[in-house]
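Take a look at these structures.
Both of the next two complexes hold subunit A, though its partner changes from subunit B to subunit C.
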Partner chain A sequence: MRQTMPVRLSTAEETLIEQLKSLGNEAEAERISVAGLPTRRVESYHYTDLKTLLKAMPPLAAPANEASAPALRVPGAYQLMIANGAVQSAGTAPAGVIVETSEGTSLSTRDDVLVHLNGAMAKQSLNLTLEGTVDCPLQIDRRIEGAAAHSASSARVFVADNAKATIIETCSGSKAAHVGNHASYVSLGKNATLTHITVDLSAEEATHFSTTEYELAEGSKLRSLVIHAGADLARSQVFARFAGEGAHADFTGLNMVDDGQHRDITLDVHHAVPNTTSKETFKQIARGRSKAVFQGRIVVARDAQKVDGKMMMQGLMLSDEAQILSKPELEIYADDVVCGHGSTCGHIDEVSMFYLMSRGIPKAEAQVMLVRGFLEELIEPIEGDELREALNGVIEGWLQGGIQ
Partner chain B sequence: MAMLDTPTLKENIDQETVDKVRALDVDKYKYGFETLIESDVAPKGLNEDIVRMISAKKEEPEWMLEWRLEAFRRWQTMEEPSWAKVSYPKIDFQEISYYAAPKTTAGPKSLAEVDPELLATYEKLGIPLKEQEILAGVEGATGETATPYGGNVAVDAVFDSVSVVTTFREELAKHGIIFCSISEAVREHPELVKKYLGSVVPVTDNYYATLNSAVFTDGSFVFIPKGVRCPMELSTYFRINEKNTGQFERTLIIAEEESYVSYLEGCTAPMRDENQLHAAVVELVALDDAEIKYSTVQNWYPGDKNGKGGIYNFVTKRGDCRGHRSKISWTQVETGSAITWKYPSCILRGDESRGEFYSIAISNGHQQIDSGTKMRHLGKNTTSRIISKGIAAGFSDNTYRGLVSAHAKAKGARNFTQCDSLLIGDKCGAHTVPYIESHNSSAVFEHEATTSKISDDQMFYCQQRGLSEEEAVALIVNGFVRDVLQQLPMEFMVETQKLISISLEGSVG
Partner chain C sequence: MTTPILEVRDLHVRVEDKDILKGVNLVLPPGEVHAIMGRNGSGKSTLSYVLAGKEDYEITGGDILLDGESILEMEPDERAAAGLFLAFQYPVEVPGVATMTFLKAAINAQRKARGEAEVTTPEFMRLVKDAGSRLNIDSAMLKRPLNVGFSGGEKKRAEILQMELLQPKLCVMDETDSGLDIDALQVVANGVNSMRSSERSMLVITHYQRLLNHIVPDVVHVFSDGKVVESGDKSLALELEAKGYAAYEKDVA
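Up next, the complex of A and B:
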């Protein structure tokens, strides 16, 4: 009776279908040609309509034969590089770090278009096994080099029982309109402790997609931080699953968005077992005519009693044309839990501005000071002075980019 | 076997709260009787002929029929929305009859002409239709059951697809107020209906609103002229009686400059094994300095203990604060329906207009509620406030879904949202899905969903006066809940008082 309208495909979608066919992945090509890329009608892409936002799809990446300067240097870090999807040979690994590679993606099967595409495209995965206490931070430096390219990369991190480590992932590359689709699967063993930071520093014209899956075993502790400081269009997805009791995670994120950009952080935390806690703190800051998106969801499964989850989103708008969109969701099936969420959104406090300016601090400087104060909460808990400094450098670089 | 599946309760929930929610459980539904009355029922199915038939039954002018047909054609191209957190078997829209009317209601001019069987039904429901007696102050005229309808309330009684009687019409007419069924309004005040119908909820708004636009049968029409403060509460009581029918009510309330009206809505249905559809559209228009207060006690049949039967309640309610400094306030107490899909919204178009939403949603048995509000800030210095309390028990799912958005031109927009949920038992679910969209930097939005957000100052003040922490919290939260309930008109207090003391212990965001 009712007709279903055939999906009209955009040029980006058509190119994508061709690429998937050339990779021999008919199933994925079929899926895209039937449904297209997700529009705002797909609830998880409500604010990030990929069909309209993704204007062009560059050709599939060829092996990289040159390298741009590293986007972020973390002094004392052990560096691993993935260029155009291929794992590069690295120096001698520090004690407790085992570096291997395997074929295909590291992600599990999940009904999400970016996960599907990574699965179809990623040829190689960097596998890290971490044992004991790893002294230096590990940097996974993901690059897309050369002319504009569509590239996928993948990494799998296994933190052994009782191990402790810090990983910083950076995404960058040559100045071109790349489309990057990066994946990480991170598993924490019993009582393991991990700090995992992902910083996007892609070129201004680029599109950055990343998906991180966490699996937390008994008693493990995770601190996760996502920073968006690059790309014209960015979407970082974080999917976490608590699989063992007594685990705790802090999920944090900083979404800095400039004129003309659209950046989205999407979080889905699943408390599958009792006695697990999580704290989600996300900050968004937007200037110019830009769009900052945060979608967060905490799911507490039927028998996961005594779960504690607190989600907070704070947005700061530095211009009138900016948009901050947020959707902090709770989905609770257990009756003995404490879950809360909060969301605030506004501009710089005029009273504080007046206070600073009345003490002779110029307007622009006063704004930077207040914004710095607003963001400090996220960087402060990171261990390691040099790492913190590097991250502060990223924020500072963005702030100096000009506040009206 | 059902006994084995009984949810277990955790200990720290206040027993009183549990008892009060149980008293509202699905098997305690007291309005489930059926009135045996001869009815005119349209054949099952939906096509252009049915739309024409409904229009003809209502003796509508040509333009109204065209309007309906256009909506119907549009509806055929639309798809059922699937984003809400509810699940139900696919509705066969051809298995429903779209019109049912008691045979004897061919336009009664006065109460004396209304079928006594119908009057008895309303008496049983506790709805006062005996206006003379009420006016004369006869004791017991308001019926024996404790209901929200006491005192001086003008009632429009809608039975299946038709309005059977509207009381106090002359009294209200003295003030220039028009209060009648929408079918009458289409015939008698076409200029007003033409101007406002579909101006808040466009024909193409959503699947169920479009369906309603094609086949709506009855509902109320209220017009409050400039500067008039409506002297009594206006009310519509909806009753579904006939089998295999759907009810498609349409309500339109217009408050001209500087006027005020408080409107109540109530609804019940008999207990039946099959699901029945209720897809309503309510439109409110408030011009400069006008205020509309809209309260609902939604008590449709929720289905039995095993989730069989019950009403599917898919409703589009929207108020348009069209004038400066206008105010629209929604208050709802949701206890019925198998499925509730309802988002009373405010479009804050006029500068300094205000929208409010107060809700208590209680789900039991196998009920599914996906309800909330939308506050769209378009004008300068507009303010809105959302207070929502969801209580889930039994095997039910209770979702709050709300949107707050500020347009780029809505300078100084301000919103405060608070939503709390309480789970009673371990087989139910409570969910919160807020959408917060800020498009300009001077808008300030706050959303919170924890009881721990009570200000430290208040806690300190109470505690240094010797109250324990718990007592202090109870005192502050109580004051806060009372604040919500004060938004209800006096007549509703009786019904909702049962819920007032529900404690927030063990509540989650």
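Up next, the complex of A and C:
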């Protein structure tokens, strides 16, 4: 017999409930009233206790009046912007790109609080249909502007059969304690190829939540990269489902966490059909008193034979007070599969430091070289010099922010 | 009197409460090549690391002078910029850092420390190509991450390439012959010999006399139990090879 105890609600939770009611979503308001935000007792939030970590909930976002300077602009990319949840008009789309909008969110009905909240709040979704080979990268520039606001945004991407494209999403905005909840639903058609990069560059005092759902059809190829380089509290969720045979995905991520921050990348990959392969490579760097979290799960369905999945998490501690947490999980119901996972964590190698310094390279520069070397395998496979350079710029910016 | 390139004065070094170097004295005048021979565990490698400034060594006495200036308080990168180069016995593999990128960073860091202009890309390419061709190092090898997957011979040749590019005043070579076959030894020795000059000194640390047939030293020092126990000309190396180290260790006792 389970005894139901009334949950003591935090101020942030109470504000959230009021917001949900004002949006007319009684069901969500009720759900939060009864259960509250997830605590460490909820397995998928064990390391990211939202009830404790989410200290305040700013008011719901009003339409944006002005836009701050772009946090990152990839040269040559076709620019699309979502400001405070509203899709902004864009210039003429390049060949093969159809831009539309629709009401509401793009995500499925997965039972997750961030997914539910995005569903309750997102008013509009940016819909992209990509056909053929799209020559230039597409940048979806998501902003939260003005005073501190609670804002949701949504995008939906259909990569048509045999199409090929590169998308980079950036999240940024004004310097305020925003709470952003961003959603993307990305579906790859037969033999489609997509590189999808998400970079969080939110303000230091902001909270960043993002959820990306992938659906992979037969023969499709995906490279996904999540980079955390902003926000005081961040959680990016990647949920992927292999729906067609012969599909392959590289799920990669870089979680950079600074003093006082808490950032979490949570991955759930579902191999629902046979002959699908995935490689998961995630790196975490933490300095100061900070917490970096990676949760990665690979599920192989009962009939999904010949699946190959390899998950690796490598952590680099730049201080003794930093915490790097890693929870890899394999859930395998088929009997003829190859799946593995590994997790390592350490400091910068002193022998390598001495070697570089003995050649005249000063300590700070040697440290940057070694960290860049550690991250090389995430950036190197990305196609396009300008894109790689932009990503290296993000990493460099973070590293320069706190060389000891 | 000319200032020696390197002078080690009564150097005492301790590692984790154990005395490793027990009063080392060495004087290397400009242009000379000195060899240090000694059995494993005699403290030869410790001396090379201490010269280059590796952490974890406690210097309990004495001094190290490079060009007349004490380098004890200097970081490894400052020592390098001052003209000291250590060719490692075991060059370190650095994944993700392309050899070319590393070479350019090292050259420019040293130039910057000395207040000189950075090397231009065409000049750098020419320097690397020239030195590389003498050492049988091709451009494919230089595109690979530093020392990663290099054979033993490739690693040692890459060390000599770095030495040629950085043009140090003092070259310290720690067991440069280990892991080399005869052909590779010849290539490495030729590289080292081409760098002999009246302004540069070299300290060749080795276990075997073999290397000294190719790099002929001006002075040979026998190292035992953390100090120099005997010094002489190149014939000392042959004598040592014939008699073994034990003969010299008894002298100490």
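We take it that the second predicted complex is superposed on the first by the 401 of 404 C-alpha atoms of A that agree within 3 Å, B and C clash if a C-alpha of one lies under 4 Å from a C-alpha of the other, contacts with A are read in each partner's own complex, and residues count from 1 in each chain.
What we mean here is this: contacts are C-beta pairs under 8 Å (C-beta built on N, C-alpha and C of every residue); 3 or more make two chains touch, one makes a residue touch a chain.
Computed from a predicted structure; not experimentally measured.
Of the two partner chains placed by the overlay, only subunit C lies in contact with A:Leu356; subunit B stays clear of it. Once chain A of one complex is fitted onto chain A of the other, the partner contacts of A:Asp336 are limited to subunit B, with no touch recorded for subunit C. By the touch criterion defined above, A:Lys175 lies against neither subunit B nor subunit C after alignment on the C-alpha atoms of chain A. Judged by the touch definition given at the top, the superposed model places A:Glu43 against subunit B, while subunit C stays out of reach.
By the touch criterion defined above, A:Glu377 lies against subunit C but remains apart from subunit B after alignment on the C-alpha atoms of chain A. When the two complexes are overlaid on their common chain A, residue A:Lys55 makes contact with neither subunit B nor subunit C.
Once the two structures are superposed, subunit B and subunit C can be ranked by residues of subunit A touched, with B on top.
Taken together, the two complexes place no residue of subunit A in contact with both subunit B and subunit C. Those residues of subunit A that touch subunit B in the shared complex are 1-3, 43, 46, 302-303, 310, 313, 315, 317-347. Per the touch definition, subunit C reaches subunit A in the complex via residues 52-55, 75-77, 79-81, 85-86, 88, 91-92, 94-97, 101-102, 105-106, 109-110, 113, 145, 162, 166.
Of all residues in subunit A, those touching subunit C in their complex are 350-352, 354-363, 365-366, 369-370, 372-377.
On the side of subunit B, the complex with subunit A involves touching residues 9-10, 76-79, 83, 408, 421, 423-450, 452-453, 506, 508-509.
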